[in-house]
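Alright, structures below, take your time with them.
The two complexes that follow have chain A in common; it is paired with chain B in the first and with chain C in the second.
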Partner chain A sequence: MSMADDTGTDSALVRFGRLLRDNPIIPLIAFLLLLIVVLEVMRPGIVMPIRAGRDGLISTFWLGNLIKFAIPLAMLAACQVLTMLTAGIDLSVGVVATVSAFVCATLSSTLGVPEAVLVSLACGLSVGLVNGFGVGIVRVHPLIMTLGTGLIATGCLQVYQRFTINSGTLIPGFLEWLGTGRTMGMPNGLYLFIPFAAFILWLMRFTGFGRLLFALGSNERAAKLSGVKSWQVLMALYALSGLIAALAGLLYLGMIRAPSLNLANPLLLPSVAAAVIGGTSIFGGRGSFAGAIVGALILRVLDTMLTLMQMPEGARTALFGLIILAVTALYVRITGTR
Partner chain B sequence: MTDTPLLDATGVAKSYGAVKALTDASLTVARGEVVALMGANGAGKSTFVKILTGALKPDTGRIVIDGREARMGSPAQARRSGLVPVYQEPSLIPDLDVRDNLRLGDTPVEPFRQWVEDLGIKGIRLSDMIGDLPLATLRILDLARALAAEPDVLLLDEMTAALPTDLVERVLKVVRDRADAGMGVIYVSHRFTEISQLCDRASVLRDGRTVGDLKIEPGVEDRAVELMLGEKISLGARESAAALAARSGTPRLSVKSLAAAPKLQDVSFDLHAGEVLGVVALEGQGQDELFDVLAGFRKPTGGTIEVEGRPARFAHPSEAIAAGLTYVPGNRSEALLAQRSVRENIALPFSAHPRTWGPLKMRTERERVDYAIEKLQIDTRAQGEVQRLSGGNQQKVTIGRWLATGVETLLLFDPTRGIDVRTKRQIYPLVRELAEKGAAVLFYTSELAEVRLACDRAVVIFNGRVVDVIDAADADEPTLMRAAYGLTGREGAA
Partner chain C sequence: MIELIRKHAWVLGLAVLLVVLLGVTKLIQPNFGAPGLESLARSALPFAFATAAMAVVVIVGGIDLSVASMMAVCAVTAAVLMERMAGVPALLIVLCVGLAMGLVNGALIVITRVPDIVVTLAMLFVWEGVALLILTSPGGATASWLRAATRGDFLIDGLPKALVIMGLCIAIVWLPIRRSKLGLSIYATGSDALAAFRSGVAVDRTRIIAYGICGLFSAMGGLSLAALTGIGEPVPGPYLMASVAAVVLGGVVLGGGKGGLLGPIIAVFILRIIRTILTVMAVDPNVTTIVEGTIMVGVVMLGTAVTLRGVRR
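And now, the complex of A and B:
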C-alpha cells in the first residue's frame, strides 16, 4: 500500500532501482555493453579486430563464441525463471543435463541415435516429474526436493557408468553440428535456441499456464480461491523444467564432445545467477526470460574477462562465484526485489 | 473506591497512518473490581487491549498501575508493571512440556498446580507436551499460569470463547474469588450472561472513544447496546416484497446443522436465487469457518450442504466454484495478485483448469473483463499493478473476478470493510442488481447498518449457532445488535 504515495523525493538510486525493476531489459543491455567495452579496453582488438589492425568492425568469431556458450546457460536459466516464478527453484538442472548428455552419448552407439535422444529426454522428464510430485503434492520445499533428486540422479549415473564402461561413446552427428557448427559466423545452436526462446516467451506471456505461474508465485491463496489446483501446475512445471534441462544437456554434449560425470554441473549456479540478474525474483511472481538471456550473456563476458586475466583455474572459479554473488546482491539491493 | 485505582488509563490514542484506531480511550479498575470492556466490531477494542498489554505503543495517553506510571514498551514490561493478560489463543509453546513453559515465564510451580486444581482440571503432569493437550485445557493452564504470577491486574480477552459451560462456570467463580481478594480484572467479552454474572462495571468503546461507564444491574444490556451504537441516522428500509415472493421452491443453497469445530457449532439456513441473505455476528462467532467451509477451504465436521437440492461436499475451492459458489474474502490481500494487472487479476479463474492452460483466448477474455470493469466502474488508470489501486478499487477487482465468470451464488465476506463511502454506495446496488438477475448472495457484514441497505433478511450467529433470523424491515441496528449479543431468546434455525 505504501507504494501508492511514491513521490519525487526519492534518491536517484531508488529511481534507478525502480527503472531496473519495471524495465529490466534496457539497463541490463546497457550493462552488458559496458562490460564489452571494458573487455575491449583490457584486450584491444578482441571485440573490434579493426583496432588491432585486422579486418572487421566486430569480430564475428568472438560474438559467435559468446553466444554459443551462452545458449546452454540461457536454457538452464529458463528452468530457473519458470520455477522461480512460483517461488521455487530447480537445483537438479545441472545434474539432469549431465545425465541426459551421458545417457545419449553411451546409448547412441548401441540403441541408435533417435532412440538415445528419446531416452535422454525421458530421463529429464522423469526427474522433473519426481520433483513435481515432491514439490506439488508432498509439499517439500523446492530447494530441498530438487537438491535431493539431483543427488539421487548423480548416484544413479555413477552406477549406470559402471555398466556402460565398455560400450564406448558416440556423439550424434547432428548434435555436433548443432553444438559446434556455424552459419555465417553464428553458432548453429541458434537454430534450436531461437524457437526455444520464442516458445518460452510465448508460454510465459500468452498462455493460461504462464499466467498461473505468475499467480502461484504472487499469491498462492488467491490462486486457490480462483479454483487453481496448484499441484497440477507444479507437476507440469517441474516436468517441463526437467525436459528443458535434458534438452540443454544434449546441446551441451554436442558442444563439448566429451561426456563426463559432471559435464554440465558447473552451469547450475550461473543458471540461477543469470535468472536473478535478469530480473527474476526468487520469491516468486516476477520474472523475465528475456532478462535471463541477457543475464547469461553478461556472465559469459565476465567469464571471458577472468580467462584473459590468466589466473589459475581455482582462483578463476572462486572469483567467478564471488562476482556472481556480488552482482546478484547488488542487483537485488538496488531494485528492491527480493 | 476511595483509594487510588489499581489501573488508570486515560486519553489513550493510536492511529495507523490516516486511520485512527483509538482517539480517546480510558479505563479505570479499582482494587477488587471486575470491569468489562465492551465495544462493537471495529470500535477499537483490540487496539486498546494491545496497548494495555504492551504489545502496541500508544501515540498519546497515560497508563498508571498501582500509582506508578507504567511504561508499556513491551509485553514483558507490562507484566513487570503488574498486568498479566490471558488471551483466546493460549500463549504457551506447543513444542515444550508444561514445566518448560512455566520456567520460561518464571512461574512458580506449586501455586500453578494449585490453580489448575481449583479450576477443575485433573490429571495434568508437568511432563505433558503442550501440543498434545486440548485447547480448552490450554486456556485453563494459561489462566492458572497468569494467576500464579499474582498480578495486580488480570486481563482476560475473550478467553471463554468456545469453552465448555462447566469450565466457564469454574473460571468465572475463581476469577470472582480473586477479585474479592483484591485483584483487579479487565474482562473483554461479547457475552452479556457472563458479564452480568461476573462484572461490577462495564466500560464501552465506540469509534475509538470511551463513551460510557455502566454499573452492572438488571436492564444494563439495553443501555450497553445503545452506547455501542451511538446515535445513528436511520437509513430507511428497502422494500423486500419481491424477494419474499422469490423465497419458494428448491433453494440455491441449503445448509443444515453445519459445524466446523470448535467455533462453528450448528448453523442452518436456506438461500434462494434472487435473495441476499445477511449474516450478522460479532467477531469470532464462527462466521469465518462458515464461509471457509462453503468456499471449499475447510472441511466441515458435521452437517450437510445442498446446492440446488443436491448434497455437496467441497474438498477444494475449485469444487465449490464448479457448484457455482464463488467467494470474496474479507481480507483483500488474500484474493489479489498484488503485483499483477487488473486484467490478469480478474481473468485468473479463466485459466484455472488444465483444459485452459493453452493459448489465452484474448478476445473473450477482454470482453468479459471489460464488462466487469465497466459494471463496477473500476478505476484502471493504475493498470500496472493492483497494489497501486485504492482499497475500494481493489475490492471491486475481487468482486469483478466473479462477475466476469458469471455469478450464481456469491459469498461476500465483509466486502465493505475499510473502503471509502463512495465505493460502498456502489456495492449495495450492485449486490441488489445481481440478486434481481437471479444470483443468490450470502453477505456477511460487520457494519450492521448495511443489512437494511443490501439484504432481504439476516441470520444472526452467536457462539457458532443461528440465534435469530430477522427480516430487513425489522433489522434496525439495536435489534441486530441485541440479537448479535445473544440477547433475544428466539433459538432456532432459518
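And now, the complex of A and C:
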C-alpha cells in the first residue's frame, strides 16, 4: 500500500533513480553506449563503417577487438568481484597471471603442453591457497596478504627465470588459437570466456557457495553464528581466485604471444577498477559479475579513446585514473549506495 | 591501563627485535659499524617517510594506495625545479605540492563518498601520470647540499645524518599535531567516525587534513628519493607494500584509531636490516626479494594472530 502511495507521489526523477538502483546494470550499459557514441564522433567510421563509406553497420573487426582485449580483464575482474563479496580483494592476480603465462611458455618446450598448462594452473592454485591460508585461517587483511604473496611470487619468478633463460619459450598452439584466432569476426577467446562467465554467474547466484560469499560479506558474525565455517569458504574462494587468474594468464599469453616478467601486471589495477565500476562494493555483500564484464568493456573503450586522442603516456594514465574516479563517484551518486 | 602497557610493549618489543637484528648483523659481519649503519639509515629514509605517510591515514581509518605515486611526483618536481632555481624555495614548493596532493586525495574521498581505497587507487594512476608528464624519463638534478644532507654522520660517529633528518622531519610535523586537538580528532575519527561525529568532531575536515599530512610526508619521501639518487625518477618505487607492511608490523591497526608513528618507523628499520643481513650473507638479490616478502607476510600473519588471541582472551 505504502509502496503504491510512494510511486504515486514521487516525481518521475525519483522513480527513475529507484529503477536504476534496482538495476545497476542499466546506467552502466547506458554509459558504455554513450562512450561508444563519443568514440564514433571522435573518429567517424570506427564503430559504424557505413558512415565512412565502407560495408557493414557495425564493424565486427572493432567489436571483436574490443571484446578480445576485454576478456582477460573481465576474467581478472571476476577474481576481484568474488573476493570483494567477502570484503576482501586479491591484489596478487596480476602476478599470478604473469607467473602462469611465463611458466607455461617456458615449460611447453621441455615438458610438453598439457603438463605445462597443468603446472601453470597449479602455480595459480598454490598462490591462491597461500592467500586463503593467510586470509581465512590467520585472518590477515586480504589487501596485505595478497600484496605480499604477489611480492613473493614476483621474486620466485625472477629466480625461476634465471634457470630457464636458455631453454627458450614456446607458446602452445591452442592458446594462440584461443588468443588471436577469430570465428566469424568474434575472438575465439569467447569459447573460453562464455562458459567461464556462465560458470561464475551460476556460482554466484545459484549455489550454496555463492550464497555463503554474500553472507560472509554482508555480516560475517551472523554468518558464523549460523554455522558457516568461514575459513573453509575463504580458502576455497582464494584458491578459486588464483586458479582463475592463472587461466586468464594463459589466455593472455596466447593473445600477446611474448612472455615477459611483467606481462599481466598492468592488468591488476584495471581489474579492480572494472569490478568497482561494475557495482561491486569493496566492503562486501554486494556485487555482480555481469556489471564487472560491462566495466571491463567500458575500460577498454576508454583506452581506445585515449589512444585515438594521441595523449602522451602520462596524460593517458592520469586521465584513466580520473575517469575511474568520476565513474565510481557518479555511480555512487546515482544509486545512493556505497 | 593494560591496553596502554600492551601498546607500548609492542613498540618496545620491536625495538628489542631491532637491536637483536643489529647484533646478528654484527655477528655475521664483524666489521659492520658506523658506515653500515649510515647506509642502512640512508636506504631506509624514503621507506620511513612513506611509512609515516601511510601510518597517518591508517590511523584516521583510511588507506592511501597513492603514496608511492605522490613520492614520484615530488621527486620529479624537486629534480626539475632544482635544475632551474635555488634549492630552498624549490624545497618549499615541493612540500606544498605534496600537501596539496594529499589534500586533493582527502577532499575527493570526502566529497565523492567513494571508499578511500578506491579513490586512492584511482589517484595512484593520476599521480603516476602527472609524474610522467613532468618528466618522461629519469633526469633533472638535485641541489648538492640536499644530497650532502643525507650522507655521512651527524656530530658523532655512528649517528647517521639521514636518521637525524628523518627523526626531525617526522617529529616536527607529527608531535605538535599529536598533542593538539587535531591529533585527538584524528584518533577519534579512526576508532569510530560516527561516535566522533556525534561528539562534535569535524570528521570530514579531520580526514582531509590527515590526508594532507600524508601528502606532506610523501613529499619528504620524494625529496629524500631525489636526494639519494641525485635525479628524479617518474616511475613509482616499491613503497606501497613496504609501507603497509611496516605500518601493520609497527602496531597500527588497519581500520584506524590505534598506534603511533614510532612503531612503524622502527618496523621500517627492521625490514631494511633484514635486507642488509641477507646482502651481507651474499644471498642472491632475487632470492632476497622472496625472503623479504615471506618475512613481511609471516610477520604480519604472526602479528595478526597475536592480536586476535589478545582480543579473545
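The rule we apply is simple: the second predicted complex is superposed on the first by the 314 of 338 C-alpha atoms of A that agree within 3 Å, B and C clash if a C-alpha of one lies under 4 Å from a C-alpha of the other, contacts with A are read in each partner's own complex, and residues count from 1 in each chain.
By our rule, a residue touches a chain if its C-beta (ideal position, glycine included) is under 8 Å from a C-beta of that chain, and two chains touch if they have at least 3 such contacts.
Just so it is clear, the structure is predicted and the values come from calculations on it, not from any experiment.
Student: Touching A:Val228 in the superposition: chain B (first), chain C (second), both, neither?
Tutor: First partner only, chain B.
Student: Is A:Phe214 in contact with chain B, with chain C, with both, or with neither (first, second, both, neither)?
Tutor: Only chain B is touched by A:Phe214; chain C is not.
Student: Contacts for A:Arg286 in the overlay, against chain B (first) and chain C (second): which applies, first, second, both or neither?
Tutor: Once the two structures are laid over each other on A, A:Arg286 reaches chain B alone.
Student: Residues of chain A touched by chain B versus by chain C: which partner has the larger set?
Tutor: After superposing on chain A, more of chain A is contacted by C.
Student: According to the stated criteria, A:Met42 is in contact with first (chain B), second (chain C), both, or neither; which is it?
Tutor: Neither partner.
Student: Contacts for A:Leu33 in the overlay, against chain B (first) and chain C (second): which applies, first, second, both or neither?
Tutor: A:Leu33 sits against neither chain B nor chain C.
Student: Looking at the overlay, what does A:Ala258 touch: chain B (first), chain C (second), both, or neither?
Tutor: neither
Student: Please give the residue numbers of chain B that touch chain A in the complex, ascending.
Tutor: 295, 297, 316-318, 321-322, 327, 329, 333-340, 344, 347-354, 356-360, 385, 387-388, 390, 401
Student: Using the touch definition up top, name the residues of chain A that touch chain B in the complex.
Tutor: Interface residues on chain A, with respect to chain B: 1, 3-4, 206-209, 211-212, 214-215, 218-219, 221-229, 232, 236, 285-286.
Student: Write out the stretch or stretches of chain C touching chain A in their complex.
Tutor: Listed in rising order, the residues of chain C that touch chain A are 63, 108, 112-115, 117-119, 121-134, 136, 234, 240-241, 244-245, 248, 254, 284, 286-294, 296-297, 300-301, 304-305, 308.
Student: Once bound in the complex, which stretches of chain A touch chain C?
Tutor: 89, 134, 138-141, 143-145, 147-152, 154-156, 158-159, 162, 269, 272-273, 276, 282-283, 312-322, 324-325, 328-329, 332-333, 338
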